[in-house]
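Every chain is named by a letter (A, B, C, D, E, F, G and H) in the order it is written, and numbering of its residues begins at 1.
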Amino acid sequence: MQIQVNGATEVVPEQSTLSQLIDRLRLSGKRVAVELNGEIVPRSAYAARPLKENDVLEIVAAIGGG
Amino acid sequence: MQIQVNGATEVVPEQSTLSQLIDRLRLSGKRVAVELNGEIVPRSAYAARPLKENDVLEIVAAIGGG
Amino acid sequence: MQIQVNGATEVVPEQSTLSQLIDRLRLSGKRVAVELNGEIVPRSAYAARPLKENDVLEIVAAIGGG
Amino acid sequence: MQIQVNGATEVVPEQSTLSQLIDRLRLSGKRVAVELNGEIVPRSAYAARPLKENDVLEIVAAIGGG
Amino acid sequence: MNQPAQGPSDLLVVGGRSFRSRLLVGTGKYKDFDETRLAIEASGAEIVTVAIRRTNIGQKAGEPNLLEVIPPSRYTILPNTAGCYTADDALRTCRLARELLDDHRLVKLEVLGDPKTLYPDVPATLEAAKQLVKEGFEVMVYTTDDPITAKRLEEMGCVAVMPLAAPIGSGLGIQNKYNILTIVENARVPILVDAGVGTASDAAIAMELGCDGVLMNTAIAEAKHPVLMASAMKKAIEAGREAFLAGRMPRRRYASASSPKEGLPF
Amino acid sequence: MNQPAQGPSDLLVVGGRSFRSRLLVGTGKYKDFDETRLAIEASGAEIVTVAIRRTNIGQKAGEPNLLEVIPPSRYTILPNTAGCYTADDALRTCRLARELLDDHRLVKLEVLGDPKTLYPDVPATLEAAKQLVKEGFEVMVYTTDDPITAKRLEEMGCVAVMPLAAPIGSGLGIQNKYNILTIVENARVPILVDAGVGTASDAAIAMELGCDGVLMNTAIAEAKHPVLMASAMKKAIEAGREAFLAGRMPRRRYASASSPKEGLPF
Amino acid sequence: MNQPAQGPSDLLVVGGRSFRSRLLVGTGKYKDFDETRLAIEASGAEIVTVAIRRTNIGQKAGEPNLLEVIPPSRYTILPNTAGCYTADDALRTCRLARELLDDHRLVKLEVLGDPKTLYPDVPATLEAAKQLVKEGFEVMVYTTDDPITAKRLEEMGCVAVMPLAAPIGSGLGIQNKYNILTIVENARVPILVDAGVGTASDAAIAMELGCDGVLMNTAIAEAKHPVLMASAMKKAIEAGREAFLAGRMPRRRYASASSPKEGLPF
Amino acid sequence: MNQPAQGPSDLLVVGGRSFRSRLLVGTGKYKDFDETRLAIEASGAEIVTVAIRRTNIGQKAGEPNLLEVIPPSRYTILPNTAGCYTADDALRTCRLARELLDDHRLVKLEVLGDPKTLYPDVPATLEAAKQLVKEGFEVMVYTTDDPITAKRLEEMGCVAVMPLAAPIGSGLGIQNKYNILTIVENARVPILVDAGVGTASDAAIAMELGCDGVLMNTAIAEAKHPVLMASAMKKAIEAGREAFLAGRMPRRRYASASSPKEGLPF
């Protein structure tokens, strides 16, 4: 199915979870935060959180800025 | 009857009008504006405007300021 | 004979006077001042002043400056 | 005999030397410099230097300043 | 030399009206009405600001009135909301002024934040400006030198934006030239420096930055000789305006001779 | 209000002469004589400084001459020693100028220290000033803003002392206001700021510090529109002078309301 | 001599936390993470601000991460809302930061007004600050140098107010010292100058005005030698703080000799 | 990052001697010798200036002596000619100092022009400097901020030139930055700002202009807490020096974001 990640389209298998996506994106263990359809998803909830067609995800990290 | 004019109590005859008050205060012909119970009264309406017990009037003029 | 005028060599006839030079240079009537061999020559003295071989003249005027 | 020390009159015995004066003034061993009649006297020369009537001495030290 | 517009053709346009003078003056702090009148005449000002206050009851009939000294027939009267600390008080004052001056719509809005700085309360100023524009007033608005707020007030429909140079009555001169410059660059309505000017050069600097005018009161009224200072300010405003139009020389780190280096007689 | 002297009665006195204008201008760096003439007229200057240089030999008869554009009959010509780096060169230049202008004794002395700053050579300036005074010249002397040197030049008999505000032609404005102020306080002869003024407000500031006048050239000649800038400078000098005479308001750290705090209708 | 508190005992307290360093630094504009790390170490900063952005998808596994270079275990991370032009965007950014940093509540709020000045949108900043405080954030807020707005933000419960000295990244230094001084006088929470510092003396001046600290990024990152400039800034902040605590000498218009006038040997 | 020389390797070289500290301090105006000692220790100064005066006759034997508090074994003593108004008095003072300090040749020359400004008498200073150099003294010379005079003193063989920032003891800070900058650019010997510094940032600014050091007395001695101010000055000098070596960021008229504009999650 198709979802949006950071403004780009990603195709992910049916029934995948947020934690699976995080793995696929090689972000596991990285300091990131996730907003799913405008709601923040706590790290602890990634595993239990299924993805649906057209979900919109924002995955952010801290970067250099002033 | 008693009314308030610029924060002070004035005693005026029953049935007096705003224009009579303006005369009494020697303000006729002076550039002033009148607020009666929070409403501005146009100069043209002074004569027709009766005063009631406890009316609150503000009579203002232009003074030096920056 | 040869003389120096404002740093350049000028050839003038023998026995010429300063006023004759001034004429030749089309400076008569112009506001100029003349220094001859380091000495200032008053305007009144031009006519009487003969020029000698190798005389050094500075002829100056007022120009734009601040 | 009388001498001037730093602008004040001092009376010192005949035949006294500069080093005797320095002692008398409790300045021996102190960091001072001496000008005698306008001439600087090296520390080494104090003992050998006799004082004469009306000698003018300046004895200076380093003090706080900027 | 083709000259840039100035003199008669260089007008300050506020709302619909055109003015030759770019100096706006207040009427406070003068010794008496005589000094007020003479100073304002010497300043050449065409726009004069006044405060709105309770008339004092029972004054002698003959007592002169400010608007007889500064007749609306001769001057454009600019009632201000000095002393108002809420949008509501400012609105009431403007409405009274409008009635007082026969449906006069040009007002100077100031909503103050505190008595120590007399700086504006920006949110309350924005709120009052919005409402006044809605009620058909022509709003000349006192504000901080924040370019963002200045632009917003313009967008709301204020006819002139008047950033402060320094606190009202401080005479400290323009504290932040960059802000004033940025406000001027961004503006489509006249920008007038309001408050903080202390002497003639301060007024000239404001104009050289490209401001369309300056409003002042204390700098004139509290000078040792107010009438002479009023004349000084008139000239300073014109000098600064002309210098702005004339285009100043570039600054140089080192010297540049005014006289030719060649042709020296030695 | 008793007014301090100003206007017609407020004159600049240099040597014996009196002048209504306190703005002195140079004649260098203009596009042509036409611009020179128009700018000087617009400046209202009465004292105009010129350089002395070798006349160019073999020029066409008709070629105009600066002194026809700035006639000595109308202006007080102030020949300067610009370009001189020794006392001797300055002396020779002054003597030539004196002859050139029919025993004219008023000169502007500058003995320069280096071409990068065009700052004066102070000892050479002192030496030249001494000799010129001895020879009967009326010396207006260009110097640094050092109060000690300024006082010494006055004591030597110079008729005016002219400290620099900033390097000649830099347009940087007055760099050290305290020095100028101290020079003015100590002076018994006119103090004129010479060099460094860039725009109208700089000139006004010099006058507000109590200077008796300002001499400038580049600030006018290098403006985009020299004639308009000349007018700006005229007004700025008058504005600054009047502000000085009027006595500015005191500076305040905090605000001071221009309108009464009492009598608000709420 | 009884000394005022300083050194170990002179701490900056923000929210609950205490800090020895009064210099806060950003992490932007550095050549690489190595330079970032070395400069931050040299600065002695304990509070380091970071931006929140989309992580780039499909980066190599090994690629280093800013928070490995600036470990939260060692530094107090201050996520900022740089780039946000609405209250809403700022709120979302803060909430993401809070999750990202394991319920971290200290944030630097900035809601920008336009990209040219990067000045704050004051009403939107007030709105966002109110909501963030309500959600339990500890808000350090970027604002203009308007004393009224600064006080309001303090009253809303912000833990620190951070007025700008000049536009972000401009390096122009403190433009309006009076405003900063007034904000400091009125404050009950720490006042930190944020933005506009260009070199060491600018930072010292901020501290001499009584500010509790300074936040900077460009002045260090864009110096020719960022690590050395970071050390300069560390010392400048300490110098300015100590000078503030030490109490500077009074300014004098004239001279005052440092050496005794008496006792000269002539 | 290749670092410019600083820290241990960045030395001030005056005459033959090298110094790690670029802060030179005076010994006047302190409450007592104890405060003098503690402040000088806190300043980290290695060169300490002292005045030469008549020793007071008949003092108690035990009375302490400045040079016991500031031992020549530990500090480089710099005797000055403060209070001298003629070249001759300055020469006599230097010769006495040389004898006093066992053929010590390093001196601070000042020949004053008047007691109100304590500005130097430039011609007398030049004359005295010439003679002192001839007699083998190493002359550190106090002068105005005139670049021409500064260069001349260098050419005469002075080992350091020390222009004033503002009047001695005024604490007004650097009045003419352009002059100091020009002096530094032209110099081949160390340039130290002498006199006029009031607080830490003033000292940092002097160093940022490229000065090799700063000499001060009143700014420390007249602070409310001299010892703490001495520490502030030590850090300010180092901060300013490092900032100069680090190369400050360019100034910008407008803002420049420190955080990336891209990658915002909305």
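Definition applied: contacts are C-beta pairs under 8 Å (C-beta built on N, C-alpha and C of every residue); 3 or more make two chains touch, one makes a residue touch a chain.
Values in this document were obtained by computation on a predicted structure and should not be read as measured data.
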{"item": "Chains in simultaneous contact with chain A and chain G", "value": "H"}
{"item": "Chain whose mean Cα position lies farthest from chain E", "value": "D"}
{"item": "Intercentroid distance (Cα basis), chain D paired with chain C, Å", "value": "71"}
{"item": "Inter-centroid spacing, chain E versus chain D (mean Cα positions, whole Å)", "value": "74"}
{"item": "Whole-Å gap separating chain F and chain H, where each centre is the average of the chain's CA atoms", "value": "35"}
{"item": "Residues of chain H engaged with two or more neighbouring chains", "value": "26, 28-29, 51-54, 56, 80, 82, 92, 96, 116-117, 119, 167-168, 172, 178, 182, 217-218, 221, 253-254, 258-260, 263, 265-266"}
{"item": "In chain A, residues with contacts to at least two other chains", "value": "6, 35, 58, 60, 63-66"}
{"item": "Chain B-facing residues of chain E, complex", "value": "25-30, 36, 49-59, 61, 65-67, 77, 79-80, 82, 92, 95-97, 99-101, 168, 215-218, 221"}
{"item": "Residues of chain F touching chain B in the complex", "value": "258-260, 263, 265-266"}
{"item": "Chain G to chain E touching residues, read off their complex", "value": "113-114, 116-117, 119-123, 126, 144, 146-149, 151, 166-167, 172, 175-179, 182"}
{"item": "Contact footprint of chain E on chain F as seen in their complex", "value": "1, 3-4, 6, 26, 28-29, 31, 35, 38, 51-54, 56, 80, 82-84, 89, 92-93, 96, 115-119, 167-172, 198-201, 204-205, 208, 217-219, 221-229, 231-236, 238-243, 245-266"}
{"item": "Chain F-facing residues of chain C, complex", "value": "5-8, 10, 25-27, 30-35, 40, 42-43, 58-66"}
